[in-house]
């Protein structure tokens, strides 16, 4: 019973969202709202301003470089988090460390 | 030079996080002092920024000298500058407490990692507050969620793992729905900058209203899960109860509030009043807020564990904040912001003083708190101040925020919610007073025989006392920060 | 082109449902890895080679290896 | 695993994967790819090495200390490049304006700070992938 | 017929939403923790598919400006940029939750949410 209710809920959600999608400016053409002056700027001036012919790279590292810095920090945080969960200083190592001190 | 201060703040925090691992072989004290100095510098520079902003007005910071059409932008105005000062000050106090706090399951060797995580967490909070870009906010939110989970699971106890796991799952669902919302917004506006999105949303709102409604739904639910707004609060009590006390103080005092501030930014800066009114977001928030106030308090009464009780109390207090924001008036927002500050201070005081008690007595159940006031007078006094503030007794900062909220509700002609505020205050009395009473007033002769065992190092006591004093000072002179809050709120309208 | 795209999307959805239905976690992850590869093909069709390359390396490669590493330490079958 | 064929093939194939990864990182501004995919490829090659030869031997080649330092180095390179922009052009992460040589578009030595940042990201991603794998695998039951 | 054509036009968006929901369903209903993490990954790729589909332009080319394609139509590079960031973020969250799963299995001997809840409530009653 519970399963059926959840399924109905999800299908209803899907239908609602699809109705929303049919309202959207979805056609993948040049007059989509997302293809606006920002993109034209990137495509026209990207090569001259950054010197990179791959515009995706130009945007990643130059125009939106701060995002990428944040994303490397996510990786850094992930390493620290995972090792804080998994890496247990085993007793042997601890004793050895104390000996050194 | 002053234009560079925000990024210098961020880089200082990040640099400290990167440097700490190098200190492994060096004396531990050195790195602790370094961290302290960095935090102090950050606090001073944020205060400086706040003064500058209040005097000369807001300014923008453009990364790589690209304008906001193509690049990422920081907006430093009274809103972000004020809350960064609050966050930096509170973290500094909590940091001082954790200096000697080799307690509660954080092993000695873990402290390096704990501070790395703390600094990255602070970095991301500053980023969220400054950022004026939807996707940049998403990146910072992800950093914040991974670090805030990690400072829970750093305590190697059984329960922490399951609590942290649940927190991670909900966090990730929330992030994904936020990102889907950003995608929908980007699809129709083609911008990611908050101001540009806001202007273009105003013009296309009649065209793509279904789309915008769905986007708003996804984004607010995503942020709402992270902010533990009432029906989405299920992760909060577990996470707060099992985390180490310092982490609980940070999570409850700061992290949850940051997500609420993100919600405020979205509602006021991006969607704008027209859309908010058309969608009746006001009523949704008012109802959810008041439901949280009542239900959180009722759940809290049933708890036996003191930290779990504090967690449910947080749910109730978040309800107050949401209620204040949901009024969508200046008075309501002022009350909500004041409550963000005062609740942050009070919850930090409560969690830290409970931390001291747990450290020395190894008890966490409410029934073990009998007569503890004789044994540990200082921390229990601070606890009582926090508890009185939560209830809203005059002379504490909690009273001021509830008073302001009440006035805001009356101004908005919604008397019904005044009743709920009073009812919730009474429920607060039900679960906070018994602890205080049993701790101090239990006439137990055995208890008086036991000499007080409070041998807490000064470095731990000073932060607790600072927080206790801050509660009273804010209760007596609320205008110290109320004047700033008025100008902060003015930036949002 | 549209037809290929549509077929690929349908395959993706089928893969996702199959992942959800499979009780054996190892086969679920193998299906998931195939799903990632299909996804990167879709992204190639959508003219984003950068994303496709990253997904193929990270989604199909690293993620599934990490999953296998964890499953070898825990249980293989879902109850 | 003690299979000679597997071991010798791995020995041959790992350098090729790594060279390909380095190629992808360095050509990030010329062709699809970049720090993420190239770094992930290098990380995958190290994971392959670990799978075949065991954690102990892999740790000799790529020890914890190296992983830690290279992980931090990735971000530090990035931040330093940003600070150069901060000092010279008055804004964090400024490229050509800060005086990075633009070069001729379309050649390897061009695009100012972009290749440097890509190398930083590549180091970071590769070391992260391998560190995470090692931590997940080697951890022992208490 | 019109509906079919509409569906075909929007197939990427629909697929993205469907994958998002399937992933969400996996996370919400399954009790196996690893299955839940896989569900998160599916959710993530669903959102990313949606995002990348926004950037597509019919007849466009990848935005790499070589001499061969001067004057060609290029697709929107911004969604690709955002997704590149997103993929790595999801991987790091996945790894962190996997490490938690290992610890949970060590302490409780199971990775099934229902059994975990039972064990924890037993423990609480025991105290």
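Letters are used for the chains, namely A, B, C, D and E, taken in the order the chains are written, and counting of residues starts over at 1 for each.
Just so we're on the same page, contacts are C-beta pairs under 8 Å (C-beta built on N, C-alpha and C of every residue); 3 or more make two chains touch, one makes a residue touch a chain.
As the structure is a prediction and not an experimental result, all values here were calculated from the model.
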Smallest count of steps, each to a touching chain, taking chain C to chain D: 1
Chain whose Cα centroid lies at the greatest distance from that of chain C: B
Approximate Å spacing (C-alpha centroids) for the pair chain B, chain D: 37
Intercentroid distance (Cα basis), chain E paired with chain B, Å: 28
CA centroid of chain D to CA centroid of chain E, Å: 25
Per-residue overlap in chain C, given as positions that touch at least 2 other chains: 48-50, 54, 58, 62, 66, 70
Per-residue overlap in chain A, given as positions that touch at least 2 other chains: 17, 24, 32, 34-35, 38-39, 42, 47, 53-54, 56-57, 60, 62, 64-68, 70-71, 73-78, 81-83, 85-86, 88
For chain E, residues that touch 2 or more chains besides their own: 9, 14, 18, 24-25, 53-57, 62, 64-66, 78-80, 82, 84-85, 87-89, 92-93, 95-96, 98-103
In the complex with chain C, residue positions of chain D that touch it: 24, 32-34, 36-37, 40-41, 43-44, 47, 51, 129, 132-133, 136-137
Chain C residues touching chain D - in the complex, by the definition given at the top: 49-50, 52-54, 56-58, 61-62, 65-66, 69-70
Of chain A, residues touching chain B in the complex: 16-17, 19-20, 23-25, 32-39, 41-42, 62-67, 70-71, 73-74, 76-78, 80-81, 83-85, 88-89, 94
Chain B to chain E touching residues, read off their complex: 135, 139, 142, 145-146, 149-150, 153, 158-159, 161-162, 164-165, 168-169, 171-173, 175-176, 179-180, 183, 186-187
Chain D contact footprint on chain E (complex, rising order): 62, 64-67, 84, 87-88, 92, 95, 98-99, 102, 106
